[in-house]
Structure formats: structure tokens, C-alpha cells
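Got a structure for you, written out below as C-alpha cells; questions coming shortly.
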Amino acid sequence: MTDIPTPLSAEARERLRHVSVATLCTQLFKRGFRNVYLQHVKRLTKPTAGNLVGPAFTMRNIPAREDIDQISAFDDPNHPQRKGIESVPPGHVLVIDCRGETRVASGGQILTTRLKVRGAAGLVSDGPVRDSGPISQMDFPVYCAGGSAPLNLIHHHAIDLDVPIGCGGVPVYPGDVMVGDDEGVVVIPHHLAEEVSRDAVEQEKMEAFILQRIEGGAKLAGTYPPNADTRAAYEAWRNEQDAAGR
Amino acid sequence: MTDIPTPLSAEARERLRHVSVATLCTQLFKRGFRNVYLQHVKRLTKPTAGNLVGPAFTMRNIPAREDIDQISAFDDPNHPQRKGIESVPPGHVLVIDCRGETRVASGGQILTTRLKVRGAAGLVSDGPVRDSGPISQMDFPVYCAGGSAPLNLIHHHAIDLDVPIGCGGVPVYPGDVMVGDDEGVVVIPHHLAEEVSRDAVEQEKMEAFILQRIEGGAKLAGTYPPNADTRAAYEAWRNEQDAAGR
Amino acid sequence: MTDIPTPLSAEARERLRHVSVATLCTQLFKRGFRNVYLQHVKRLTKPTAGNLVGPAFTMRNIPAREDIDQISAFDDPNHPQRKGIESVPPGHVLVIDCRGETRVASGGQILTTRLKVRGAAGLVSDGPVRDSGPISQMDFPVYCAGGSAPLNLIHHHAIDLDVPIGCGGVPVYPGDVMVGDDEGVVVIPHHLAEEVSRDAVEQEKMEAFILQRIEGGAKLAGTYPPNADTRAAYEAWRNEQDAAGR
Amino acid sequence: MTDIPTPLSAEARERLRHVSVATLCTQLFKRGFRNVYLQHVKRLTKPTAGNLVGPAFTMRNIPAREDIDQISAFDDPNHPQRKGIESVPPGHVLVIDCRGETRVASGGQILTTRLKVRGAAGLVSDGPVRDSGPISQMDFPVYCAGGSAPLNLIHHHAIDLDVPIGCGGVPVYPGDVMVGDDEGVVVIPHHLAEEVSRDAVEQEKMEAFILQRIEGGAKLAGTYPPNADTRAAYEAWRNEQDAAGR
Amino acid sequence: MTDIPTPLSAEARERLRHVSVATLCTQLFKRGFRNVYLQHVKRLTKPTAGNLVGPAFTMRNIPAREDIDQISAFDDPNHPQRKGIESVPPGHVLVIDCRGETRVASGGQILTTRLKVRGAAGLVSDGPVRDSGPISQMDFPVYCAGGSAPLNLIHHHAIDLDVPIGCGGVPVYPGDVMVGDDEGVVVIPHHLAEEVSRDAVEQEKMEAFILQRIEGGAKLAGTYPPNADTRAAYEAWRNEQDAAGR
Amino acid sequence: MTDIPTPLSAEARERLRHVSVATLCTQLFKRGFRNVYLQHVKRLTKPTAGNLVGPAFTMRNIPAREDIDQISAFDDPNHPQRKGIESVPPGHVLVIDCRGETRVASGGQILTTRLKVRGAAGLVSDGPVRDSGPISQMDFPVYCAGGSAPLNLIHHHAIDLDVPIGCGGVPVYPGDVMVGDDEGVVVIPHHLAEEVSRDAVEQEKMEAFILQRIEGGAKLAGTYPPNADTRAAYEAWRNEQDAAGR
């Protein structure tokens, strides 16, 4: 649907796996983006592979209607929720627009397991999940509004796949790059993913140096943000680091 | 997009112009629908032609993105917000999904005027409008979340036309019949519009009789809801009314 | 149920009909009461007889349950909502605990009409009413959370009559004196109604004098609150007023 | 007060101790119940005996009044909060209606300890508890809105015991069966506890099989929900399981 | 406190009296300002002199403390709330930061009257006022969060005058120009007031022309926003208008 | 700014390190204070030294303005946020007023580290922090509204240091004593810190005894609150304890 000219490079994906969402928010703020962090969406699992990283594949829900959204709706193999899960391309993140509705679940353990088996990069929803206990033990990135036992049909009707949506108050276009760490999830517009990932790595190197200085007793003034002296010291330190192969 | 097999008949439209939204909610509750009334959507204008009535033509907004949603976006004549207004079929109601966002406007006086000139049946949004002062004086049905001066681009990006949406927490499918009185707006699933409109008229005749009785001192028990005696009295009264041509 | 030793005297009732709810809040604050004004409860009607005044007769709602709260529930003449309306003693105010739920109505025109015919002093609810258009034209004090068309059964089950409740976040014990003006509703613990009504009248006389002074150009300091000089001037003015029979 | 004809059988209690609240929500949804899961009520403790299970014994709070709800109120041994804790029948769950008020506690460590010593099955409140640190270490099921240090008297006045209440937005009638797992709490109307517990066990057996298949690479279509083939495979698998005594 | 280099010219003040707040929001959006409209602040009065216009003089409240914020606090003639009202320079607008607290009033009729007598240009608060009935009849611009009877001391302690504050979620620096029409209030950073007022007048002339065209049947495309043809037609029309002295 | 006559004694500081915030809330309630516990402010770290204890040093934020609050703002070494961190006296707690805004951070790891290095007693904010993962591992008391990655400049402008503020809905005057345990944070007006700390220790000794009795099977009546017999038993027990040197 949306045209995605620049697939995410393996290098960018790797870089994004190791920088913080806070750093990415700063990089995007510098480029004029103020609304890129999903509100009220928290990490549920502790995946071993580092940050959630992947292009968005989206699912849109509207409010349920009592005559349509009965348990029998799932008998249709083309039900958009089920079809959506079967359609997420490997390496992509399923991003679900639940309109911030926290009273019922977006999905549960079986669907999340199928997502994982299919090779999806993760699940992001601004609603809760059910079976949140078992899901929290999965080695798979899941970000959501916590756990809630009632099933999605009570308030949701899945209606569209791979269209631009809102999630956690943020616009998500198919192909935008989702990155999640232990603090939450940021959406990087896809055309910026390469440059933002590079600048984020640079920023974090600098901040590691600054943090070291602050831990050593340096004052904020001149150190954070760094003045010319601190920048020079950083360059020297970094050259050393590079020389030492770190 | 959505297939609408049953256009709204002129008779149903006329009936719906004169029954209350409360009555329609009761009729829909009897059929198992609990969530049909738009929450936080209030009448802004006092149109002379009675209730808002018409099939829904929808517009979907997602959250704005700072790089896309600049003032220059409107230079594109195919901008969905502008195109949407030019696409509403005569007699239809433009229903806008603003995700309940109340901080900025859905639109303003010029767009509303264009809607009216084009013969639309009304405007419904779960966001506010700007120019709410002049709009409130128009003889055109407008229902929204009040007035708010900031422009839509700050938080909205119009993305889709004539797709199923949520508005005021209620599912709205293209072609569903929107009815609004001074209390608010109800969504009638389009396949039910004929029967619901007929039963609503019947219910209101009965309730007019009951109200008369209550005003005359009748107790609730036996009168509301009516027992056999009251029903018989109602039938007699109604026959008289019919005979007298009222 | 609750024992009400001091019925409201005709004199107190008359006094309370003419003082403002703001003044009563000040009098109660002076006695240590900070939470006596119903939040989110607004006047819907413009009764000709001045303030709403009367002892509370209460109705308690709990959340509805789908199997119990069907339309047929009202066939039972002892349904608490209906029984409650038939039980409000003349001159009393029906106060309904809707848990601040604004999505559905507390009741509608027929029930409100019955209340009025039975001689109730008014209706107070922290939920909305349906038929809010016709009700707003009644000469009967109604305070509520505005208008909403869906019927009460969707979210409410009336369960108890004449028990202590919360309404608008305030405790209301049966017999407590409800007073409402155009700004809202205050609950006066019944044992304080006499003294509070007297002191409120006194306060308002003083404030009328102060307002006159302020309109005449007096500074706040020494005038509001009044110092000894202003108090003396007030006493003189009031004696004049009394002598002149005003 | 409310008549409870069907006490919870030991078998049902045992079954409910091992099924998930999500499964119970599905079973109740199939029977037309959409609002049975307590919103904003989370597990505080990690009891060793599995799920919270037991019939509800209720306590109702109204907003506090400054003159009544002083610290001295607790000197009365018949204060409803204290009396309530002494009245919960063994094996029952104390369910407290705090109107969703999160600013102050429902109770603290001493009261919770007394509950446990008396043999109660657990504590459920839609308000927070104080002493949440020590309570979180107790081997006793406690579900609430987290921890909050201010005492209940600031906003609550306990007024009634063993009456129908709302808790977490859900109706709770005395004797209804409360079940809680790590995701939250569901209320089962007491007349449905037996059949729902049986069907829930069946559902979970089926879903265990389905999950196994999904983990093994099966597609959703035909597996979840199961088609005839999957159902046949399940029956075979289950017969094997039964034969093997699992 | 804050340095205000550019006092508001009489011409700018006059221009701002006649343009809409919506137009001013558009002008500020074009300059990069997205958050300039006070949320949840509504007009209470209908002043005869057009828009509220004037530089801000601010008052800051913090939450009240029970031992300090007793009724006797007002005996101190230097109480900041009272001193603030006596300090607002003529032609300035008193802007009160109530932290969006809607449960109690910011002030009442006597203080508002004193403000008016002293020549203030208006009152803006993100809390309600008490005596909202009488105040609503004053010929004086008052914008607030509606009416509420409880007195300010219950939740507010006035602590500072003429410092930068937040009001309705918007930063207000002393000297910023407040403009209010029937839709609400916008804050113009003081250094932009001249140019924004000029550009707003121009925008409104253009939009009056566009509205005329739309009422006459013009399509949105090419008209709104205007293309070269429409702009040329506008210039011609405006020259005519100017020639005719309109 | 505010005059702090009574510095916190080492004895009081030590006592406050070991009593619970719940106990302190009870002591303050007995003295008429109902609003002393910070709402929505939770502990992020697990410091080894017991409770957070220290006098407040405050920072006030107002909403950000797009032209002022750019990333370059931090180049100014006198930027109040940075200056504030460099100004907190050793042993004091930095308390930040974020107006309860949860969408962006109050600060991050580098600033928190600087605070710790400078010898501050802790950090309290009613907004979130960024870098919440690394900060949660610090041995330093941090209380806030969780983690959020966007930087403070998006919604905050630091404007004042060491002035009275609101935080978590509670008034905080410079020098007030902040105490935090695993449940949250209480503000003790500085003139009460000595006596409250003493009485809290006494209360907790008594409650430890009561808890022991309750665990041993004592009824609430007569035990909690203690009657004369229980008080006598407590005195005896305590004398024993004292004699044994416990």
C-alpha cells in the first residue's frame, strides 16, 4: 500500500539493536519530530536479542459491533486479525492500533506464538494482551499496555492491514522502523532510519564519555553539552579507543 | 468500498427526522446493540429542518507528523480532507474520525460551508471545529466536540475516505444511517434503518400517551411499561386519534 | 433507614432558597467541610421557584449485568428505579448515585414527570438524563451530567433506596439537605442545615454591602474581608436598611 | 442478604484454581457477559496455592465526611471496616468497593493479616492498599490498585457489608465467585460457576493442543479455531493422554 | 520581572480586537508555534467591546496546605491573591495558573468586580470561578473553566505574581498578549504581537473573499487555498473594496 | 527564598530513614494534613541506604515554547535545569514540578549521576525520567512517574529554583522534608519533622506489637486500635524489649 523505497539495511538494523530509544528520540527531535514515542506502551517480555527492530506491518481496529463481533467471527480464515498475523513479513513488526483501549486484549498467547514461529520481529500494540503471564516468558519482543483478560471482540473489530495508523498517539506508516528497548518504543520514519541510526551511535559514544567524566566529578557546565575542550578530549579518547580496537 | 445494498428510503428518512435519538437507542438496545450513541459529540447548530438524517460518508485521520503536516499540505488539491469534502454524496453525512482528540479542530467555516453548498446532510466529528461561533449560526446540522481554534494539521493527518471508522467510540460503516437530535447522534446499522425507524415511531406514539397519563397522575406501575389495561386504553385512544385524522 | 432527627424547618427551607451555593460552601468550609459540592453535576432546567432545596432521598446503582438488566426488568413494578420514584416523599430530592458514569442516562422524561407530579423537590444525579431536550423545558429542578440518549440498563442496575451514597464525589446521607442554584449543588449535613442557612443569609448581606463598596471604588484591603471600619459602616448601613424595611 | 442457593463445590473450586482468567472471560463472553473482568485491579502478592478462588463477601465505601471520618472512628468495634474483616466467612473473598479511588488506601497490613488468620480466601479492592511492601510478601491472594500510603479515612467511609456492589467497574453480588490469576480478577455469577469451571477446563485442554500445533508450525487457519480435522486430531491426542493417565 | 521591551501598540490592540483566535492560531502555526491555545478555558461573559486583548499579568497557585490555607489567610492585606488583583496594571489581563484544577474556584464576583473597576482588560484562569451566575452578566471579559462553588483555599495557595506560568497547558510569560474571542484564548509571544496582528487582518480579508466564493458555489480546489487566479480575483476585489472605502 | 529556621537534625533524619511513609501519613493526618503523599510518583531504584530522606530543593517547569526550547538551550551553562542540579545542597532532595506531565522525561542518566556525585539525597519528580533502565540500577533514591524516552524540552521549560511548588498534587516548600520508601513519597512540613519523626517511631513500635498479636489470632476489637488491656500488655512487652536491649 504505502510505497517503501528504502528497505532497512542490515547495518542499520544492527546499529538500532544497540542504541537507546531515548537517544533516537533526541536524534528525531533535532530533525523536528516531537511525537515519535509510543505513549502508554510498555515492554512485556525480556528478549535476549537486544532491542526490538523492524519495519512496521500494521493492523487497524475499529470499535466492535455486537452483531458482527461474535466468537463465530473467527471461523472465517480471512478474519483480518488472523490474516494479519499470517501476513506479517519475516523481520517485520506487527503494530496494532487499538485506539488506546485498555479494557480488553489485542490478542493472546497462540497468536503471539504464531507470530514468532513465522519469523516476525515483534509485536507492538497500544492495547493490552491476554495470557500476559505466559507471553511475558517468551523470548520475543512484545510491547503493549500490560495484560487484560477479556477478549478483543468485546471492543475491537480488525478491519485493515498495512495502512497508516496511529499507535500510542504516534503516526505509524507501513515500513516505518520500530525500535524498542526496556523504556519503550520509538517510530522512525523509514527514510530517516539510516542516518538516524548512524547519528545515534555517534551520540551514544559521546555520551558514554561524558558520563565517565561526570562520574569522575566533572561539572555539567562545559561537559554536558560538551564545550570545545571536552569535545577535544573526547576526540582524543575516541582515537585511543579506536586504536585499541574497542 | 463497503457495499450498501439498501439505500435509505424517503419514508424512513422522514420518520427518522421526527423521532428522538433516545428512542432509537432503545430500539437498538432491544436488538442487542449497546454501543450506538456517539460519546462526547454534541450539537453545535440549530438547524430548522429537524433531526440530522443521512447515510455516513467517512473520513479517517491518523496523528500528524511534523514533516508532512505543514500548511503547504493543503496546496495539494487531492489532500484527503479537501477531497473528502468534495466527495460526500448529496444527502450524506460526513463523519470524521478524530480519535476523540479535542485539542485541535477537525475543520472550520469554509469547509463546512462547502459541505452545505454541496448538499451534504450534515457534519459529525468526534473532534471540535474552529470558527465555532460563525458555524453555530449556520442552518446546517453540525455535531462535534465543541469549538477549538488550533488547526487540524497540528494533530491530524487525513488518510482515508469512505472506510469503516470509529467515531465517539462507536463503529461507523459507510452507509450506516446517522441520526442526530438536540441530545446527540446515534448510528443505525444500515440494514436496520427501515425497521428501526418504523418501530421508533410506534414507540413514541405509545410514550406520548403514557406521558399524558403520567401528567394526569397515573402511577408508574401498570403505566410505564404499560400493562394490558393501559395497552387497551392506548389502542382506543390511538383509534380515536386516527379517526380524527391526527 | 438513617435516622433523621431534625426535619428541615420551613424558615430554613425559605432561607436556602435564596442564598448561593458558593456562600453555603464557604459556611461549610468554616466548619471544616471541604468536600460538599457535587463535581460534574450541572443544572439542566431553569425552575421558577428559585433554588432547589430539600432533604435527600437516595437511589444507588451498581454496574449492570447483561443477564439481569434486560428491557423486561421494568415489567417488575418493584424494580428499584421505578419503586424509588414512587417512594420519594413530597418535598424531598431524589439523589441518584450513578458512579459518575456519563455514557448512559439515569432516567428520562416520563420518570422525571412522575417525580414532579408526586411533589418531589427535584432530581439530582451524577449521571446524565435522556430526553434532555424536553426535560430542560420543565419547571422542575434537575441537576445532572447533561444529556445522553442510551438507556440506564446498559450500565446501571438500581439496587438500593434511601441508603447513604456518593454522588458527584460527595457523601449524601438520607435527609441531608440538597441545595442547588445555577452554579451547582451542595450537600448540607442535616444537623447543620438550620445554623448554616442562618449564617449564609448574614454572610450574603455583608457581601452585598462589600460589593457595593467595591463597585464604588474601594480597595480590597480593609473591605474584603472587612476591617473594623468597614464592619462599623456595614452595621450602620444595615440598620438603615432595617429601619427602611428593606 | 442476597440468597445464595448454590454453594461452590470443592470440585469447581479446584478446577477454578487451575484455569486462567482469560479462559473464564471467554466462557462468560460465550454466555453473553462482556463486563466481568475487574479493570485497574492488579495482583500484589504471589500466593503459592494457585489462583484466588472463593465466593464474594462485599464491603461498600462511600466518600468520607470530615466530621465523621476521624481517626477516633476506629475506636468503635462495630466500625464497618473492622466488622467486615471479622465477618468474612472462611473461604470467602473480601471484595471492597472503593469507587476506583486511587488516592488513598483501602486498608493495610494488620487488617490483611487478620483476614488471612481468619481463613479468608483473599482480598480484592479497586483501591490501593498501604503497607504494600510487606503485604506483597504475604502468602495470601491480594488484588488491588497498587500501593498508596494515605489512610482510608481521608476519602472512604465503610457503610455496608454483604450487599451488591461495583468493583473495578463490574457488578459483584454476594456469593459470586471471584477468580484471580497473575493477569487479574474475573467475577463469575454464582449460578454459572459449576458449568463455567467445567467448560473452562475443556477449553484449556483444547488450547494446549492447539498451542502445541502452532509451536510446531501449523497455520492459524484450520487450527485456531480448530476445523473438523484438527478437532479429530485433538480427540485422538486426548484419548492418548487419557489412556496414559495424564 | 520579565523584561518587556515592546509594549503593545494601540493599533495592534485594535487589530487584535477584531480578528479571530483561530486566525491567530494559524499565523502562529506558520511561525512554528503549535501550543498557544488555552485548553479547557471557555468564555463566561459576553463583553460588548469585542475580543479580550491585553498583555498578561500572571498569578501562580500551588496546592493548598491545610494549616496555612484557612479562611483567616485573607486577613493579611498582602495575601498574594488580593495583592495580585490590586497590582494588575490597567489594560492588562490577569492570568491565573490553577494547574487545571476544576474542583474549586479561582475567585468570585467581588474580586472580578475589583479587577474591572481597576481597569484591567480581563480575567483568564484555567480553573473555574464561583458566583459564575452574576459574573456571567458582567460586561467584562472572563475566561475560565466554568463555574464551581467551593472556595479557592481548598486546593489553591496563591504564591507568586508576574512570573512565567502555565495556563491551560500553554506557557504564559508576563507581557505576552492574550486574545480571546467566543471560541477561546490564544497567547501571542509579545515580540510577535505586531506582525501577527497585521498578518491576521490580511488573512481574514482573504478568507472573507474565499468564503464568499465558496458560498457562491466555488470548489475548494483553487479557491482554498487560493491559486493564482483566485489570488488575482481577490486583489481586484480588494482594490474595489478599498476604492469604495470599505 | 523561603526561610527555613529548623534544619533537620541527624536524629530525625535517622528516624525517618526507618519508618514507613504510611505511618508518616497517619501522623500527619492526626495533625490535620490530608494531602501530603505524592500521587502517581513511584520508586524507580532500590537504594541500599533505606528511605529517601532530606529537605527539598525545588525546580519549577512551565510548558515549553517552540522558539525557546530548542536543543541549543542547553548551551547556556545557566540554563535553570542544569544550574538547578549544580545548586542542590548536599543532603537535599531535588524535587521537580513537571505538572504531572507524563509524556516526556524530567531528565536522564547524566543529570542523575551528577546529582548523586554532588551528594544530593535523591531525586523526586512527578514526571518520568529517560534512561530509566540504567537509572533503575543506580544506588540512589529516584522517585518519578516511570520511564519515558522523549526529552524534557518537548514539553518543559525549567524556570525557577527553590520556590514553593506543587509535585504530585502536593505543596512542597523549600526545606520541607521529603521521605520515600518502597510505597512512595510523603512531604513533611519542615516545622513538624522532629515531632512527627518521633511519634512515627512510637507508632511503629506499637503496631509491631499489634501485628504480632493479630498473627497470634487476636481479634481486631480491642487490639487495633488497642484498648486499655492491649496498651498495658504493650507497655509490659516494650519494657521487656527495652530491658533486653532490643
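The first chain written gets the first letter, and so on, giving A, B, C, D, E and F; residue counts start at 1 in each chain.
Here is the rule we go by: contacts are C-beta pairs under 8 Å (C-beta built on N, C-alpha and C of every residue); 3 or more make two chains touch, one makes a residue touch a chain.
Keep in mind that this is a model prediction, so the values were computed, not measured.
Visitor: Using the contact definition stated above, find the chains touching both chain D and chain F.
Guide: A
Visitor: What is the chain whose Cα centroid lies farthest from the Cα centroid of chain C?
Guide: Most remote chain from chain C, centroid-wise, comes out as A.
Visitor: Quick check: more C-beta contact pairs in A-D or C-D?
Guide: Contact tally favours A-D.
Visitor: Do chain A and chain F face each other with the same patch, meaning over half of the contact numbers show up on both, or with different patches?
Guide: Counting which numbers both chains contribute, under half are shared, so the two copies meet through different residues.
Visitor: Let me have the rounded angstrom distance from the C-alpha centre of chain B over to the C-alpha centre of chain C, please.
Guide: 33
Visitor: Centre to centre, by mean C-alpha position, how many angstrom separate chain A and chain E?
Guide: Here the centre of chain E sits 40 Å away from the centre of chain A.
Visitor: If you average the CA atoms of chain A and of chain B, how many Å lie between those two points?
Guide: Once rounded, the distance between the two centres reads 38 Å.
Visitor: Multi-chain contacts only, two chains or more: what residues does chain D have there?
Guide: Chain D, residues with two or more chain partners: 34.
Visitor: I'd like to see which chains touch which, written out pair by pair.
Guide: A-B, A-D, A-F, B-C, B-E, C-D, C-E, D-F, E-F
Visitor: Going by the contact rule at the top, pick out the chain D residues touching chain F in the complex.
Guide: Touch list, chain D to chain F: 71, 74-75, 77, 82, 85-86, 102-103, 105, 108-111, 113-114, 117, 130-133, 147-151, 153-154.
Visitor: Within the complex, which stretch of chain F touches chain E?
Guide: 31-35, 62-67, 99, 157, 159-160, 163-166, 169-171, 189
Visitor: Can you check the complex and tell me which residues of chain E touch chain B?
Guide: Its residues touching chain B are 20-22, 24-26, 29-30, 34, 36-37, 39, 181-184, 186, 207, 210-211, 214-215, 217, 219-222, 224-225.
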